[in-house]
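Presented below are the structures under discussion, each in the form of structure tokens.
First chain A sits with chain B, and in the next complex the same chain sits with chain C.
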Partner chain A sequence: MEYLAQFYAVYGSLINFIGINAILALSLYVTLSAGQLSLGNAAFAGIGAYASGILTMNFNVPYPISVAAGAGLSAITALVIGMPVLRMRGIFLAMATLAFGEVVRIAAVNMDITGGAQGLVGIPCKTTTYIIYGVLAATTYFLAVLRGSKIGWSLAGIREDETAAMVMGINTSYYKTLAFVLGAFIAGIAGALYAHLNFIVTPGEFGFSAAVQLLVYNIVGGTQSVYGPILGAFILTALPEALRGAGVTAGSLRLGVNGVILLLVIIYLPNGLIFYLSKKYLSKKAGRSGGTVQSEV
Partner chain B sequence: MAVLLQQLINGLFIGSVYGLFAVGYTLVFGVLDILNLAHAAIFTLGALTALWLTTAGALSIWIAFPLATLVSGALGLVLDRVAFAPLRRRADSNLSGLISSIAMAIIFESAALGIFGARTVRFPEGIFINRVWRFGSVTVTSLQVEIVLTALALMLALTAFVRHTRAGRAIRAVAESERTARLLGINVDGVIALTFFISSALGGVAGILYGLYFDALAPDMGRSIELKGLAVIVLGGMGSIPGAILGGIAFGLSEVFTVALTGTSNLRDAVAFSVLFAILVLKPSGLLGRGRAREA
Partner chain C sequence: MFLQFEEISRSFGGVSALSRVSFCVEAGTIHGLIGPNGSGKTTLINVVSGLTGPDSGRLLLEGRAIHRLPAYRIAALGVARTFQNIRLFSNMTCLDNVIAGQHGRVGRALFPRLLRLPSVRLEERQSREDAMSCLARAGIENRAGAVAGSLSYGERRRLEIARALALSPRLLLLDEPIAGMRQREIEEMESLFRSLVEAGVTILLIEHNMPFIMRLCSSITVLHFGETLTTGTPKEVAVHPEVIEAYLGVRG
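And now, the complex of A and B:
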């Protein structure tokens, strides 16, 4: 117990950030599970973070309500943005959501209420490790249930072949919008939790590189299972710290090793880490069909 | 009127650098359908290499420039071999390629940090003569003229190369269908390597020109142009070379005029990205695209 307390004292903030990043990764996982590549989820997290932070600081709204409101605003924004944007596919959707994310970031820099480029400072620290992992567990459970439901199968159908899904009578625009809005809602929660953890939020944190990072968590972890993105977020958030523990201290070298590991994973473990972890388990079962190749997003 | 003309010249100048950068992006996208996010890192390394050659190597800029361009092109070959060639036959190659290009961008950036340090550095003084011409109240520097001319000449040369030479036709064939090109006996891997070489060399030139003009080089200087480059290729139509040139100039002009009209630089990017968003919603194939946006 003593040892655990000490461990938490040293790595507490890392543990918290792993949890937040895992929730963020799951937010993109929802959108990806419908075959939609969104680069706007970091911006949705930003909307959640700013909205809840402003509500808590300027209007004394209680913490749970301000988190819910931040997530709600994120979801509403996604609904409005989603209608025109979700008609696009693949890289064009990615670009449109990217442009949206930039507009959100620039808006945060230019508005007074968001604190401009310095960011929103002095948000009360109310998020605890228990809350983060409670939310993560609830989100994971919800998404795991969703995956086996009619909605989950419809999303999988759209991901595999959107035209075929449409022909089968699935209302594709409805389900795509649903996945997009749900993803934004989860991102909004994560952002709001982050705002009340970190004391300060700045516009730069929710930019392009953050959006790409979420995609990296998903691809490295694997998107066949809801646990993949969580694993990806865990490994990649802990990696810089682990490298430091292993004696790689120079900043540029650590960055480089980070890049090399990412490269090796994407080239040699194409289905994401979770696939290979579960492979041993699967191969014990008789009559396993050959390895599934992750479908094109 | 003079202010307007001055802004037009400034926009044309910065837009031609954006265009040059975006042409490299769009070339790789057109051939492989992959967004190469390491392009901005090569932009940075090109500029830093030119700087290193002029300072540590004490070379004249006229020698350092082509040498750094070749280095950038060579980096493109490395990029292709290491990050893209291993993924080529995979079903999800455009998404996994995106990720591996991010990995390469991280590696390149850490190399830049390790070799050149995190400081912002400048070209040595007096490596080229910068004349200032005034026409009434409009100011043009010889450096600006040289940059615009270099950028335009390279873009025209590339267009002619892709249209009229045998290698250019091979590039277009691979872009159309890799499989058919292979059946026709085209050395597809060679063509892709060539594409990466040209694309990265152009990215490097854009970096050198940008570095010469703003004279502030740092390992993260590619960050700001990365997104603009993406915006430009969407604006012009993904995979279209003339579109990227036109898009670059349009983007440069929109930036400059937003600053001139609002009086501050805060909204510069907001206007550009709002326009990008609107174009994607209204005409996703871009200004000169081939109208296959919805299936891509």
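And now, the complex of A and C:
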């Protein structure tokens, strides 16, 4: 017990960040499961973080409500920009959402209420490890169930072939927007939790590199199952600590190591780590469910 | 009248793909659509399934105008199709392809699933059995667990038909369904299509295999440069002078 307490004292903040990053990774997983490459989820997390932080600090809104409101604002923003933006496909969608992310970042730098480039300072620390992992568990369960629902099947169809999905009766615009908004909502929750964990949020944290990082979690972990992005977030968040333990100091080298891992995964494990893990250890279970890819692995 | 084309026109840029196409498809029949390459057959199927809107003209399904509806709503009216260049969900298993095709018919509501209600299991089993029977009708149930991308060409065509059947269609649009199939497979498809028609499905069929078309269709429409050349029984069409001219050219 004492050992556990000691472990938490040393690694508590790492454990918290793993949880937050896992929720963020899941927010992008939703969008990716409809085949939509969005680089806007970091910005949605930013909107959630700033909105909830401002509500708590300036308006004394209770913590749970400000988290929900932050996520809600993210979702509404996604709905508004999603309608025009989701008409684009592939790389064009990625570029449009990336531009949106920059708009959010620059707005945060230039507005007074967000604290400008300095960031929003003095947000009460209300988020605990239990809350983070409670939210992560709830999100994971929700998305795992969603996968087998009508929504999940529609998203999978759209990802595989949008035209075929359309002639099978799937309202593709509706489901694409739904995935985008749901992703933004989850990202908003993660951002709001982060704001109330970290005391301070700054515009730079939700920029381009954060957006790409979320994508990397999904690629390394794999999007075959809802556990893939969580695994990716865990490995890539814990890695700098592990490297430090091995005597390699962080800094510029950290990004280099991330890059090498990403390359190795893309070349040797193109379906992500979870695909190979589940093949190796869960093959019996997969066989029972007919070995389907869409049905939960 | 089951399906009625009224002066349907559609052009792409300056090229007129369909001009004033008019004909009718009777309920419970197999209607053939033939014509040389580029005569507008696939465009016409795209118009019916809602992927391409016509520039002018009307399309009536059982008296209801459907030419302005989006594709997903036309599908909801019971119109299913296959594609000339096969569009499967390649990373899914055959069974999952068909289950995905049940979109409009199986509820799969989210909330009972979140609460793990017993009704969900029943629904899943029912949906799986339904999907298996679609696979069986298309003669591909032995590949249910195989990933669609790994199938042979003929198997892919069958799977696409099985997926279309998952919609329980009243109108089935088939764009060259037997292209690349062996003789035995063609015979199986023939009896499948006949059994579908017996079950009340109407089929609009594009095919280049003339003996197949002549055996199967009760009426045939010939398209040429986007215009309807003629509509008639296979016998009438086969001796129609303009059809012979369009296909074989004029003896000089």
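In the analysis below, the second predicted complex is superposed on the first by the 274 of 297 C-alpha atoms of A that agree within 3 Å, B and C clash if a C-alpha of one lies under 4 Å from a C-alpha of the other, contacts with A are read in each partner's own complex, and residues count from 1 in each chain.
One rule holds for everything that comes next: contacts are C-beta pairs under 8 Å (C-beta built on N, C-alpha and C of every residue); 3 or more make two chains touch, one makes a residue touch a chain.
The model shown is predicted, which means the values in this text are computed figures rather than measured ones.
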Worksheet item: Comparing chain C with chain B, which touches more residues belonging to chain A?
Response: B
Discussion item. In the overlaid three-chain picture, which partner chain does A:Gly247 touch, first (chain B) or second (chain C), both, or neither?
Written reply: neither
Discussion item. Quick check for you: in the superposed arrangement, does A:Asn258 touch first (chain B), second (chain C), both or neither?
Written reply: first
Discussion item. In the overlaid three-chain picture, which partner chain does A:Phe142 touch, first (chain B) or second (chain C), both, or neither?
Written reply: second
Worksheet item: For A:Ala156, is the partner it touches chain B (first), chain C (second), both, or none of the two (neither)?
Response: second
Discussion item. Taking the superposition on A as described, I'd like to know which of chain B and chain C A:Met168 touches: first, second, both or neither.
Written reply: second
Worksheet entry | Residues of chain A that lie at the interface with chain B and also at the interface with chain C | 293-295
Worksheet item: Hey, which residues of chain A end up touching chain C in the complex?
Response: 141-142, 145-146, 148-151, 153-154, 156-157, 160-161, 163-172, 290-295
Worksheet item: Inside the complex, what are the residues of chain C that reach chain A?
Response: 49-51, 70-72, 74-76, 80-81, 83, 87-93, 95-96, 99-101, 103-104, 106-110, 113-114, 124, 128, 144-145, 147, 163, 166-167
Worksheet item: What residues of chain B sit close enough to touch chain A in their complex?
Response: 33, 35, 37, 82-83, 86-87, 90-92, 94-96, 98-100, 102-107, 109-111, 113-114, 226-227, 230-231, 234, 238, 266-267, 269-270, 273-274, 276-277, 280-281, 284, 293-296
Worksheet entry | Touching residues (chain side chain A, partner chain B) in the complex | 37, 84-85, 87-92, 95-96, 98-100, 102-103, 106-107, 109-110, 208, 212, 215-216, 219-220, 250-256, 258-260, 262-263, 266-267, 270, 293-297
